[in-house]
Amino acid sequence: MNIYVKLAYTFLGLMIVLNWGMLMGATMRKIGARVAGRHGIPFKQPWIDLFKNIGVRTTITHGIMYYIGPVFRLTGGVGLFLFMPAVFSGSPYGIWTNFSFEGDLILILYFQVFGMLGMALGAGEGGHPYAAMGIARGLAQHAAVELPLTLAFLSIAIQYDTFSVYKIVEAQQGGFQNWVLFTNPFAAAAVILAMLGALGHSPFNLVKAPNEILIGPATEYEGSYLGFMQSAGAIIHVMEAMLFMNLVFGGATNWFELILKTFLIYFWSVFVGIVFPRFKIEQSVTWFFKVPLLLGVLAILMYSF
Amino acid sequence: MLKNTLIALVIAVLAYMFYNVYNTYETRTSLSGVAEYYATNAAKEVGAANIVTSIVVTYRGFDTLGEVTILFLTASIISFFLKLKEEDENKSIKHGITSELLITASQVLVPIIFLFGIYVFINGHLTPGGGFQGGAIIATGVALMIMANPNIRINNHVIHWVESISGVAFVIVGLFGIVLAGGFLDNRISGLGEFGTLFSAGAIPIIYSFIGLKVGAEISNILNKYQKSQKEL
Amino acid sequence: MEQLDLGHISLAIGFLLILIGFWGLLTQKNIIKIIVAFTILDTGINILIVSLGYIVGKTAPIVDNSVEQLENHNVVNSIVDPVPQALVLTAIVIGFGVTALMLAYAMKLFNAKKTLEINKFNDLKW
Amino acid sequence: MNKEIVFIIIALILGIVSLILALIAIHNKKLSVAILAAGVVSLFASVLYLLMAAPDVAMTEAAIGSGLSTLIFFYVLNKIKKSNA
Amino acid sequence: MVTPIFIVAIALGVGFSIGVLNKLGKNFTGGLVLAAITFMTFISYQWFYAFTFGEQTPTYVYTAGFKPPFSINLLMGQYEAIITLMINSIGLLGGIYMFNSLKERGSNAQVVYLILIMALNVIVMTRDVFNLFVFLEISSIAIAGLILLEKGTRSMGAGFKYVLATSIISSILLIGIIFSYFITGTLNVDDFISLSISTYKGGAIVVFLIMIAVILELKPFPANGWGLDVYEGSDPGFSAIISGASATASLYVLYKIMAFAGVEWNYYISLIGIVTFVGSNLLGIKQENTRRMLGYSSIGQVGLLMVILGFKDILGENTPYIFFGILISHYLAKAGLFWLSGIVRAKGLKEWAVIRKKPFFLFLMGTFIFALIGFPPFPSFFAKWTLVMDLVQSGNIVWVAAILFGSIMEAVYLFRWFGYAIKEENKHLEDFKIEIHKIIPVWIVAIALYGFGYFVSQLTEVSSTINFIPFAFVILLFAIDFLPIFVKNTVAILGMAFYFYTIYPQLDNFRLIFEVIFIVGGILALIAGYAYKGKREGFYPVAILMYAGLTGIIEAKTTLEFFYGWELMTAGSYFLIIRGHRSMPHGLSYMLFSLGGAYAILAAFGIASVGQDSISMSIINNIQYIPTWAYALLIVGFLTKTASVGLHIWLPGAHGEAESDVSPMVSAILLKAGVFGVALTLIGMGAENNQYSVLAYTLGWIGAITALVGNLMAVFQEDAKRLLAYSSIGQLGYIVFGLAMMTHLGWLGGFSYVINHFLYKAILFLTIGAVVLRVGTHNMYEMGGLIKRMPLAFIAVLIGIIALSGVPPLSGFTGKWLFYNAVLDKGWYLQGAIMFFSGGIAFLYLWRLIHTVFLGQLKDNHRTVKEISIWFLIPIYTLIVGILVYSAKPQWILQPLAEIIAPFFPSNQLVWNGGTAISHYGNWAGTMVMAIIGIAFLAVLGVQLISTRKAHKVKQFDITYAGERPERPETTHVAYNVFEGLYKAMWPATIPLVETFWNKITNYLHDTAGFTRRIYSGNGQAYMLHIVFFILVTYLVIIGG
């Protein structure tokens, strides 16, 4: 395939993901509001916010790291998309597999951090004390979430003898009975529980803590920085869901399937969030070290002997 | 008391050990080993009638040198250990005068004792006794002198001169042995002389005299130091 | 009665004196007493040495002036062992030296602390 | 009576007495008694040496062991008594 | 040739005549005594010369002109010549040293000293046991007298106890001697040998009496309280003579007696020796008084020498080499230390801080202590090495273990003492004055130690291969230590560069990697040294000492060379570490762990040499005797250097408190020495098809847990350098884990980590160190906002942490990617998951590091700090270039690495397709990934640049929360106790179990020592009881009931 055609498709895919991410975010907020008996925001609200933010005339900067923090964040989101096969089409070099053939699952796992790091550092230079607090909590929770997730992912990698996300998706084709959800239930269960933390909704949203301390690390950003953060957030949400979809739920063979599955995955975390109140950070860390970790270890042990 | 019981136990075990040592002893009926050689040859080789003397002065003369050295060491150590400060020596306390009898007796006896001592070591190669015994006897004379008159000032210089010269002479005579005879402390540096007479046994009478003088001087020195320390407060 | 000869008896005396000496060394607290015990120990050893050289019925190792004794090698059969006697001479003198030194120490130690109790002189320990 | 047997008897007596004296020397409270007893032990030893045909040793022991040693002991004892007084 | 009888004649002639000559003044008599000793020294020297360089045969000297056994004879053989030379020369030096104190006591004391030296000579030479007794008595009495050189009740008490003890001992000896005469009819040692006395009726018990007396003269534990009191109570100048000359003579007597005692005694002598060695060194750790501690050490060393004598039949022809190697070191070093203690006049160990600012004193003290412990280049090093080799080869591993344990105990107190001297506060201490006649002997023995070290190393074929050039360079740097820093730094850098240039063609690629890290890395770290002002005394010799050791282990062709380099490196790094503020306890624990590790390695080398003719390094590839244990020992030894969990507690303090440019040296560079060793061991274990999978498996777990523990502990540090130090522990855990997998991918991952860790840890430590130099604190919560003042430093740290955390696209990801492939390949899933989790935790502390130091609010007192020094920036940015190149073109490094590893691990290699690495499990295109991310980043940045083109800079407090300007560290940038929440959840994992474990062991040892040493009640009578007890117990054991 011509590289320009590839780039074009990739860009198109990115736009789809961005918009779907914003829509999904609005939907979830709506659902949350309705459950709480409020009316909630209109579905177009994210777009309105984005354009308004980008349109803000005065922008400030605290310094170079503050300035490029959002760039890191957005690059992180975009990069994730680039290294993730979006829609399965029977070839690793297919239309919607982006540049996933340049790396594998490990690359994606580590690249997740790239955006977080940028945001953390950028907010850090802003000098807001709560930014640091939010990051500290986020990192602590992230570390705890990673453990069961990694165990589960490793289990899946062992199961299919590969780290390539594409190959894992490929192996799950041919009916839902081939999904990891059924072929490797412990790993799937660990992922399903641990991804609550990864997606960062209640009860694991002390990091963002919307009501008490504004919006966590992003506190210091406004204007088009915030716009960037917002877009990145939308992309990353979808990408996270997409990762779980690819690894556990059989991937997607078309965009509709992708949207449906990511919605359901995302909805699962929102659903839990509606039911449970927010955890303190030590509570959430301890929680991840209990059931999800146990499941992850079981998933590994299955293949260790 | 527990401790003494423990010690008693220790002594008991020690006794057991010594008992085992004791058991190695068997009544001897004849000479063996080196003793046999000495008995056979000492008189001929060394020329001294008293075999003990020939062993002490010649065969094992090196031990004797060490022995003299020990006395010398002890005297030296005691003299710097018990040393009085200079001023103390001058204003030392006067002891009460001892009885007239003792003083008179000592005046009579001391020269005799000295003479006897000299006799003992000069005849060391012929009769029982020798340098050590003679030296000890001389020292007894010195002790008597001191006892008779505690305030007497034994002349340090004399003692030191006697001690030094006899000591050095001992070593030099020993060295002559290397040059003139078979080895260090060999008594055969001059002719052995006629067996059984005073001037026989080569250098033994000379060496024993030096030993006697030296031992006498050293012991006197020790006694003197102790005597002086009495005056110390 | 086989063992009841002079050699055995004095050997036994020697060992017993040594044991008494050890007992004294280990039990007496007074420094002078300890030194006394040491001299007894020393005497015991000296007796030991001499008795080892003893041979029943022999004379002192001094050769008569008679030449025949020399010639006929009778000396060998007529004297006790001279070597231990020579050694014990040395041992006695050494013992005297050590005793004198100990007594000097005793005097100085007494001067320093006005006591002769040995367990008072434990400034250095552990 | 055989000379040997006489010797043995003398030696036994000397031995027993000197052992007793040695114990006295160790256990008597009075230092002067102890010193004297030790001196006598030494003196008895020199007699024993004579019995065992060791006149040289006997002389030495008598002069040095029982004589001079005891003398020094008394010097020291005297000194100590004086300081105590 | 002057006959040795003149030693006696001269000494006595001079001695006896002094009674008259003392009228000429004490200086004259003192001079005369020295002249006499000089002459005695000359006599033994000419014999020594004749034996060593000529064809001299052992010569008997007959006294009285009769043949032995009828007269007393002396023997002057080779050993006698050596030992009398030693005694006389130390006697001469001691005489010079004590000139004044002897003079003060008068001519009598001078004579006693002279006679003592003479008596010791005779003790060595005589062949007659009764004569031996006489001269032993002479020496005892002389010693009892000379103890009084030191005034006061204490020395008198010690002297009296000494007299009592020796009189008991000599009584026993005399009884033994007279009975030996009784049963054999002779007193001559040679006759005893030819008649084999122990076969006579009662021979055994007679030999026992003689033997036990001689052994007691050597102050065996625990019947040695009197000896200790003497060491403590007497004049230090004289203690040196007792410890050196007197003990040496007694040892030689033991040797003589052993000739007729029968072989069964050998075992018991060794047993008593080892008990003494271990026992007294154990008690030594409780000592606070210098001289008493040195006394314990002396007694211990003599015990060790007894062990060697006991093993003389097994050690065979190596015995003299080993014996004299250890003896000479002990002899000179102990004399030096005692003499130093006399000059310094400090009683307590802590008071030695008075020499803190006196480099020459520290040099002397260090020389002696290192010689005692057995570091190269001192004779004891070679001797100990040979000893361990021979003992292990003869199957006496338990003995080796005991000896090494005792050595470590000795190191504990000696190095603690040394640490006090270097680091303890010394303001309140009074200075001391140095008398020239006292310091000269000390210098002479110190120089002699180095000289003998070289001499001894040339004696055997294997040790003569050692490359002394690097060490000579150390000496050179010490010699120019007075020059300014600029000169020394340049000399050091040029020297290392030149050395590298000459050495690198000889190395294979595997070694070359490490050599580059060691030497090139070292040069980079040294460049930072230009930033320092002043002279920086003592820095360069020790730094180069470490590098000399590092290059030594790389170049080593034999195990001896390796161990030599290893010990040099340990010594050098110890000095480097201890230079830091507050680093004394850490320096000590570093030294102890290093020594423990070194001894494990030594023992393993010994085991490896069993059944093999050579000691070439290749023997560890084919260990025949108990190979599993040998490899385990090697691994444990090397893991002390990589600070793996359980053996890591020295590292945080040592690295954290070190100087700014030292931290990268000891972290980025030094730790790789351990990795090098582990790699060698694993290769030795047989690479892929190894039979020691249990070891490798255990090692893998150790690596994984180390990674977790190191990273987790790093998260909770408040001190920036400690954070990095813990991080090093974790990173080394990764490396160990990678190597332990014993697969191609595992090793590739491990090695890529080796290089990476070197790069980023050097960057981070250099940068943080430079920042610390500027802001003057290690505490992160006292920093903040420094990006404004030091943007270059910030960028360096940013790149460093991205590389460390393994976030693509920088080089750290290479290692991670390789690891996960290797984990899958190997099947170590759980460990792999732990590794991944540790990686996740790494983000926490890395973020904390960069955030709390560079971001957040700038502190008021830092508003004017400058950018870090250019001399730090140069190496930092050089390394950054390295990281960037590595990240962009990983194949440039990974492909050569794979080639190195391939011979050992041929299967499951990576396939390279251009810049894409393809494994069985996945693929990774380093260059492309970097390009993609770069393009995406630039694109996004472009958009942002457009949309925020009018951004204006705001002030520090112009933030949303501006209404509350935070003042306290807890609030300013939340730097203090940042991860409180995590800590609440994870505190059980941070319980310092390992530290508690080691503390318990330490306390246990201390308690044991404290309890045991109470037997030394200070009561002379108790000491006599000990002696009698010792005799009886030995009797019951040896002769039986």
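The letters A, B, C, D and E name the chains in turn, as written, and every chain counts its residues from 1.
Just so we're on the same page, a contact is a pair of C-beta atoms (placed from the backbone, for glycine too) under 8 Å apart; a residue touches a chain by one contact, two chains touch by 3 or more.
Keep in mind it's a predicted model, so treat the numbers as computed, not measured.
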If a chain touches chain A and chain B alike, it appears here: E
Given chain C and chain E, the chains that contact each of them: B
Graph separation of chain B and chain E (steps between touching chains): 1
Centroid-based (C-alpha) most distant chain relative to chain E: D
Pair of chains joined by more contacts [C-beta pairs], B-D or A-E: A-E
Furthest chain, CA centroid comparison against chain C: A
Distance from the mean Cα position of chain D to that of chain B, given in whole angstrom: 19
Where chain C and chain D are represented by their mean Cα positions, the distance between them in whole Å: 11
Chain centre separation in whole Å, for chain C relative to chain B (CA means): 16
Where chain A and chain C are represented by their mean Cα positions, the distance between them in whole Å: 100
Junction residues of chain B, two or more chains touched: 7, 10, 14, 21, 25, 34-36, 38, 50, 52, 59-60, 63, 66-67, 70, 73-74, 77, 81, 128, 132, 219, 222, 226, 229
Residue list for chain E, restricted to those that touch at least two other chains: 130, 134, 137, 141, 144-145, 175, 179, 181-182, 187, 1025, 1028
Junction residues of chain A - those touching two or more other chains: none
Which chain pairs touch, all of them: A-E, B-C, B-D, B-E, C-D, C-E
Complex contact set, residues of chain B against chain D: 50, 52-53, 120, 128-130, 132-133, 136-137, 139-140, 143, 219, 222-223, 226-227, 229-230, 232-233
Chain C residues within the chain B interface of the complex: 3, 5, 7-8, 11-12, 15, 18-19, 22-23, 26-27, 52-56, 60-65, 67, 70, 73, 75-77, 79, 81-83, 85-87, 89-90, 92-94, 96-98, 100-101, 103-105, 107-108
Complex interface listing, chain C residues touching chain D: 4-7, 9-10, 12-13, 16-17, 20-21, 23-24, 27-28, 30, 32-33, 35-37, 39-40, 42-43, 46-47, 50-51, 53-54, 56-62, 79-80, 85, 88-89, 92-93, 95-96, 99-100, 103, 106-107, 110-111, 114, 116
Contact footprint of chain B on chain E as seen in their complex: 3, 5, 8-9, 12-13, 15-21, 61-66, 69-72, 105-106, 108-109, 111-112, 115, 119, 122, 128, 130-131, 134-135, 137-138, 141-142, 144-145, 148, 175, 179, 181-187, 201-202, 205-206, 209, 1025, 1028-1029, 1031-1032, 1035-1036, 1039
Complex contact set, residues of chain B against chain C: 4, 7-8, 10-11, 14-15, 18-19, 21-22, 25, 27-31, 34-36, 38-40, 42-44, 49-52, 55-56, 59-60, 63-64, 66-67, 70-71, 73-74, 77-78, 81-82, 126-128, 132, 195-196, 215, 219, 222, 226, 229
